[in-house]
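Sharing a structure here in structure tokens format.
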Amino acid sequence: MTLLKISNLTKHFGGVQAVNDVSFSVNKGEIVAVIGPNGAGKTTLFNLITGIYPASNGNISFKGTEINGIAAHRVAQLGIARTFQNLQIFNNMTVLENVMVGRHIKSKTGFMGAILPLGSVQHEERDIIEKALEKLAMVGLADKALEEATNMPYGQQKMLEIARAIALEPELLLLDEPAAGLNSTETRELIDIIYNLRDQGVTILLVEHDMETVMEIADQLVVLDFGNKLAEGTPYEIQNNHEVIAAYLGEEGLEC
Amino acid sequence: MNLTSELLQYILSGLTMGGIYALVALGFVMIHNVTGIINFAQGEFLMLGAMFMVTLLGIGLPAPLALILSILIVMVIVGIMETGAIRSAKKASPVTLIIITIGLSTAIRGIALLVWGTNPYRIPPFSKGGTIHISGATLVPQSLWVIGTTAAVLVLTYIIFEYTYLGKALKACMVNKFAARLMGISPQRMSLLAFMFSAAIGALAGIVIAPITFVTYDMGLMLGLKGFVAAVLGGLSSTTGAVIGGLALGIIESLGAGLISSGYKDGIAFIILLLVLFLKPGGIFGTSNTKRV
Amino acid sequence: MKDLARRKRLRHSLIALFTLLIFALPFIITNNYYLSVLVIIGIHTTVVVGLCLLMGYAGQISLGHAAFYGLGAYVSGILTSTYEVSPWIAIFVGAVGTGILAYVMGIPIFRLKEHYLALATLGLGLIIHVIFVEEVELTGGPSGLSNGIPYLSFGNFMLNNDFRYYFLVWTVALIAIILANNVVHSRIGRALRSIHGSEFAAKSLGVDTVKFKLQVFALSAVYASVAGSLYAHYITFISPSPFGMMTSIQFLVMAVVGGLSSIWGPIFGVTAITVLTEGLKSFMYQFFPLAGGEYEIIVFGIILVIIMIFLPEGLTSGLANTYESWRYRKEKADDAPKNQ
């Protein structure tokens, strides 16, 4: 079943064509990786899907509904969560609180409830904490719950962002360069987490530069270059695609 | 007075204040473009210029000397302010910087209060002569000095930007800070320069408007705020915009006060501020995608 | 979980202790002048608690908050003196009206970013102040409301002296603090703080950042309005001068000095600044006779600059953070030998 369908997606910023007529689909339960040289438009693609800005042209369809142009927080409410390439953890909160914010749309206490926390509100609070701890345990950070997020090492902050995103219990999870800056042990842990999530039914779309990881875990690859889609296919197909090799390594690479 | 001469009167007095607003706005834009800072203390530069003029004239210095000295003193004070306070806060968020300049403006005003007290002072007009009459409207000679000074400052600024190395460096910084750095232009020096240049313009403006309004320790507050509105009106990114914004604000304010309600004169500027911020934050000349979510 | 419960109990006990202290104070301090200063501190604390919610937790800014303070004062003043409305109803009307005004004006204001946002709040505050001055028929203009504003009373029990008013004001202030504390430690509080932490990330987690900003802006305006009403019924006379830009800056300084992201920040900040100001008044007059008044503005200015440069989180958080990082380093030092 098609979960996400990108059709003729185009985005320009002034004179710069960031994404140009890109089309592909992501099926439920798949792990799809978007790869391409720097500046290829990958993060722009993510920003378009998650509603940071609207596309100049084209469609984004999620579970059959058109989501291009709707507000970012609405996109999250529909079941799409993401992490950020340049880490956007909440530095003014603890690790646990970061993930608790991830439970925001799964809870409903408003201002009135906040001001006068009666029984049901306290119950919901305990629930939020429990679920948040659960997600932290999934990424191996349960014992760091009360640490200040800003004091954590980089690798753990990346895991924190993932825990926070999955606290949303999204159907589609967008990971923007999750392996960047991780050492091999941490990358291994990341891969395990991703497989875990897939087993739980989460569809994953990721942007990644670490080719080893990508080739290992992805079911499908989409290759972008200068905003255009170069190729789409299984890891094996992409590895043997001449255009892709040329884009990455230049014409000389073909000689290798 | 018939309607045309009434209108002419408003426009002329509007041009006078507009000239001052334009000068304040020019100072704002200069600092903002080079450093990205919104300098709430701009109005205080005017007050300091006028106050030092008063003091220097009071000890018997001839007017031209007092003028030059006042401007230099204000430039030095502002230079110290920039190196001391502003530079240490360079990495702060834009809002923190605003609060800092508000703090500085408050501090300067307070010190002025201590030194010069609450008494209003007077500076004699630059030239003798009675009121000038132009088809039913009146003008004091000092107004001509104001308008003339504004024009002269603009021409001077243009010349400095186009024909001197420092001016071109400043302009380069305003257009593209990063590229300027690559060319060997030091942003710190440019920041200091921008501040001192704005200080000079501000001090001069304060001195030239002083014979028309009283000189008080808090005269900088309103002038600064309105000059700031003028800068926003013109689009914080453009020196031409600043000037046109200033003149426009002066005239609109004057017409509004005369035709609609004199009490709400100050309110007019602030309503214009909100209208611009809400409808076109980039101002008349700026781009319309400035700092919106 | 246990750790969290312990922290919560600690917070609650501190608040209880503080409440006891506050209510015991007027029995110890009998000097009327000091009592009146404490009343004013209580009123200002209510305003600054709201301001801290807006600035410290949601990360927004208001350079015109004195206007909301003034609206509460004027609505109460006008309704009770000119139209003889019951004061309690007037306070309510003022609060609701000011809250709605803030919400509505917030819609265009919060579309702006950073310094444009700050300036829009400044502009709003200035315009409201001009209205206070110019609408002479309604507000009495610069000379203030001429009909006396009645005292507040519970039936026959009139709150017409400092001792009685102190309890009312501090009850309100404590309620304000406790309510704010509840909000901060709730889903709403986390949402607000997430906006401050990273607006992009907050949105990506489903937080309707626009709605929250408007709500917290309106809430902070309501706090200020109630405080303003209390002010009106205390002094029983109001004029536009305490509701201008200088007062907005004063509230800002109090919020910043106390520490924007701490429950105790507002009280600390208000007390520190008020004590400094009052002390300065007597000191200044002896040495600088030329200065007619308002020399506290120098102090505000200098304090603001110094704090913003060196301790942007304010005194309470800044000191707390320094303590925290000292403790963290100490723990690391203690751990080190074991790792060998």
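Note that the chains are named A, B and C in the order they appear, and that numbering of residues resets to 1 at the start of each chain.
What we mean here is this: a contact is a pair of C-beta atoms (placed from the backbone, for glycine too) under 8 Å apart; a residue touches a chain by one contact, two chains touch by 3 or more.
What you see is a predicted model, and the numbers here were worked out from it, not measured in a lab.
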Looking at Cα centroids only, farthest away from chain A lies chain B
Report the chain ID whose CA centroid sits closest to the centroid of the full protein CA set.
C
Cα centroid separation between chain A and chain C, in whole Å?
40
Chain centres from averaged Cα atoms put chain B and chain C apart, in whole Å, by 33
Where the CA atoms of chain A average out and where those of chain B average out, how many Å apart are those spots?
49
In the complex formed with chain B, which residues of chain C make contact?
61, 63, 108-116, 118-120, 123-124, 126-127, 130-131, 133-134, 210, 245, 249, 252-253, 256, 288, 290-305, 308-309, 312
Chain A residues touching chain C - in the complex, by the definition given at the top
50-52, 71-73, 75-77, 81-82, 84, 88-93, 97, 100-105, 107, 109-111, 113-117, 121, 124-125, 128-129, 133, 146, 151, 164-165, 168
Chain A-facing residues of chain C, complex:
1, 3-4, 179, 182-183, 186-191, 193-194, 196-198, 200-209, 215, 219, 261, 328
For chain B, which residues are in contact with chain C within the complex?
38, 85, 88-89, 92-96, 98-100, 102-111, 113-114, 116-119, 221, 225, 228, 232, 261, 263-264, 266-267, 270-271, 273-274, 277-278, 281, 290-293
